[in-house]
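The two complexes that follow have chain A in common; it is paired with chain B in the first and with chain C in the second.
Coming up: the complex of A and B.
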């Protein structure tokens, strides 16, 4: 091995191992960028609307943001594996009407409802996953089909807006703990922490690997099909959770409740720095992205801008975010190309 | 040489594998002893990569049997193969770009902490230990793969395979990106000392001779021979790779009168090309011979306007030209038309008719007052189709419903329909049957006879021997050699594309045939 060491040393002199400078590394993290954007926006909001800093205001923001944040987290998991999942709208509608038609009272009922939502979402995710990764259908087309089936099923269960969601859920989950901590915010924090743990599993590494280069992942021994399936199941469970939180917020059922979520969930993921090319990003950025989109509505309202402009501003923010992250990627690649 | 007695390790007999009508392997036998470094030689498309995939558990053979130390070996997945003790360093590199060096070395599992979760610290420590043990201590185990230079990626790919401590180590072109090879050689020798059977795939014969005692030669999906390398000179080995049948390949009979220079390139450079210059005359067919990935795709895409060079220029009829895109190239200096390499991804639009494909590039000329008349389209498609023997009854078929051969004819017809005087053909007969090949050769020759200029890359060297008036050899993105007329022979090309100089003298046997 003597020659090997010598040549290795020689090579080390010519090609030092490259590390990105820390500042660039932090700035190229989508969650950090969108977090800064969120804080800035919140500052503007507070300037326009002094009540913005009250617990009530913050709590209502969190309650508004929670369903979209969870939906965005779900689509992000699939996007990371280089897939696309439109079934988010269907799962949210379906879980929402189920909770409104079969309310279960009390803490036990509320937790049972949660478990049902997660299991139902996970089961629908499993169907998506099987269609995409074992039957090898295109993910957009097959999840579109699954979404339409779920929407149809939701209409069968509840044909018009109505029903009511149990008090424990609609009041308890929109409440504030210890006078200052919104429950829905705590739930999002819990999901973020669980994601942090999940990132340290082989499955999570597999999802990022499959998203970045499916063939390389396969040749490296990653069980690509199984990993894909797991990503869809996890995403489905998160949509179920989103439907649960939406029910808590609206306290009623609507068979079309999920529809607005499709585009906004993907927008939130993009704003949060997740690449649609797969393998890059994370759900924390998407959740903050979702919160940003919802905060933007409040800011515009507080600034006296007509609510008709909301969509326009959300779109502009989305494009700006993508441009900005594209620029950062280019810059950090240039730094490395030397 | 007296063969050293070794326990048999890998034994494969009668391996066959077809993909649809394409036979990738038509009967391969392989025998590698424990501790032996065994070479696998063959041209492009000889079946080397399919054999690697079968041994590594990625594809299952249609027929044939394999044993490992006498026990039946039929891996169902790459993990299965790894468990049985077969590890592979792939030519195309199988590292995941967004993960760290350490994570890649340990895939699919990270090192766990007490809670059963992946520990970043321990994973990096384990990665560092692996790198250190294989003489790569200078590489940062926490660095992302995407941030490393290609040569280091290749070293890590090899290290990962060696680190499995396999009974069988398969190295597919392990030195392709390495400027110096001592490091790989040391790893291979120490693996072999431990009793590992090493299957070494390389087109560099001097390396093969330095490492291996025996080589198995593949040709057209068949294992032609297993030779003792000490007893075979390079010429004999090239001969085996090319095959005796190919020696009689007749060269184009009638020699055309070649006109003025139509296309000239000077000093073309890009990421994969370095300083490529040549010229192409009217009525001339210029062949380009190269192994895969030697810059030919980039060169042809630049010639056709699909890519921009970083340096150098293109002249048409003596005028410097810049092609903005392929459409622009069609309209400049008599026109340059391109037939791309990947039919499925670059060439066809599924669902559209063959006729629409043929006329696609000339729609603006066929349209009157922006309206496309069906008659003009039909006539143009018929005329161009006839030139390549494309049956009229297929004109209305959706292109994806046609056979590969007919698809390829339609794509060539499209290039001809443009009326371009220069054709840039990137492997136009890949994956088509013998009859279609002959038709395509005929169309190319007729085009040249009417004064057209053709630059042609083919992965089949025999095709270049048949068609080219001159032939460039590309190696590592540069022009390695240029052959003319009778110098263009398959064994000379094989030597050239693998980076070996070969004396240019017309072969005796060919001369005799020619005079007979």
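Coming up: the complex of A and C.
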């Protein structure tokens, strides 16, 4: 892909309505594609397991998906700016053990914990951002270093699984509001809405522009380094949130809690239609992608697949999803060229 | 470097770099020297911690322990050279270990080559996905890794059986002329890797594809084929690590590859390769692997908590990157070229 088309993509990402006919535009939107995949998968799940349509079952799906969805949202922000952030695992482990070792009761305590998680995540994100954008280290390697440091810090705080998370968090956040709405699902919806608002800011445009073509962004007056730093901080805060929701779900601490999130979060971003070359995609797709990965596990289980082979199907579906969305993008790009 | 007779060296290096179009020969040499220098410094400094450090036997231990990372880093480095990333290494190490122990009853001559061929086959599939289907390497290798791990898990039902082939045990456990056989192997492998990368047309093609796939294609390099071969080679070398680990521990476990995935990337990047591809040298990776292993053994012996140990390991990666980043070489180069007598 040459520079011209990349800039065109950046323009398309920020003002998509101008260029593509509506149907093609919708079909090439990663979030829409993965949303359709999710609904299809949910239909299959409901056929196998009639209880899938109950509120309880939907709410437990949302509770399972929330931490991964937030983690995937975080890595997506960095991917959009054309970087990689492996520190996700470290931040989740660290916030998880902090909450299990220092539980704070009540609503006030719960919200203080949330603020602490967001600030801690943001601070670690700031370290990543400074290393990558100001010191100019390679993002994969330097965030790997930061992740390992965080894992070590988590081990210092809690050297073996244990501790407990305050009741307000572990019960309140996994509850169902008004009999039908899972709280964790509402939180994800809120994050998606906030992202929608964020997209209207200069910073968001800057992140997409830097990811699509750093030089072009620099020439058109984007403060590239500052935008990168902001992307890492935002991502870190989202990982902190993910750690918070994970603690609500597991109600206990584990210094290695974040490890499974590295690959899964990137997988969720990929099937959610975010391009690893930067500048294309969004966190809504990644969040639905995360929910899809978690749903897939349930579907495979309900279909009687041995849990040994869950990974096999996940891998195949990951490849298939990428090929499929790549195909749709090609089709829509052809439409645009005409 | 700054000796009287050496004054012309930087100049001639630079000219050669221009002729080759690689643009990084001089800085690559400096990185490699800097890393090996760091290793030597560390070993000397570690004598203060314990007299057992820095001895010949300590050196042998380090070389044996780093052999796994060196072999894994060879494949990872080639993939990174083409601008990709191999996240399937951990699972393929497990596959290599499981394959050679379950086939162990067939004898070393069958079991080891068969295990390597199976692994290379998996790598070929990854390469096909990357080169022909245009799936991002990150996703393709991650998915293959998940698939392979799941297949190993399902096949062994969670507990691999069998024992390592005789040859693998001999390689990792026996001595020759007073030195462990594995030490000869590491040196030979490092030379082989360097030769393949710098002195064969295949190595040149890999670098060409990494620096500019389109230009390489126009120059007559079959980029897709080279890419597929690189992923196959990476998987084969990961499989070899599995065989070596199985020989070292006399048996395979499902988690045996886990710790080599991220460390192999760290070794390659600390060794001066660009994660974006096109620049790097295997000897740098070898240095990176030895550096990480040396530090590992020193930290192990400090007797601190696992938490502190982990923190130090992470800091080291960041510090090594800080010390070895590009601007530093540029500065060193400027300083050496500003020497009088030019």
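Here, the second predicted complex is superposed on the first by the 316 of 338 C-alpha atoms of A that agree within 3 Å, B and C clash if a C-alpha of one lies under 4 Å from a C-alpha of the other, contacts with A are read in each partner's own complex, and residues count from 1 in each chain.
Here is the rule we use: contacts are C-beta pairs under 8 Å (C-beta built on N, C-alpha and C of every residue); 3 or more make two chains touch, one makes a residue touch a chain.
No experiment lies behind these values; they were computed from the predicted model shown.
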Just to be sure I read the superposition right, which of the two partners does A:311 touch: chain B = first, chain C = second, or both, or neither?
second
Touching A:322, do we find chain B (first), chain C (second), both, or neither?
second
Counting only touches as set out at the top, which of chain B and chain C does A:208 meet: first, second, both, neither?
first
Let me test your reading of the model: by the given contact rule, A:267 touches which partner, first (chain B), second (chain C), both or neither?
second
Give the list of chain B residues in touch with chain A in this complex.
58, 78-79, 82, 88, 90, 92-99, 103-104, 107-110, 117-120, 134-140, 142-143, 147-149, 151-152, 160, 180, 182-183, 186-187, 190
Chain A contacts chain B in the complex at 1, 3-5, 7-9, 11-12, 15, 17-20, 197, 200-202, 205-206, 208-209, 211-213, 215-223, 279-280, 336
Can you tell me which positions in chain C touch chain A when the two form their complex?
85, 87, 129, 133-136, 138-140, 142-147, 149-151, 153-154, 157-158, 262, 265-266, 269-270, 274-275, 305-318, 321-322, 325-327
Contact footprint of chain C on chain A as seen in their complex:
86, 131, 135-142, 144-157, 159, 263, 266-267, 270, 275-277, 306, 308-312, 314-316, 318-319, 322-323, 326
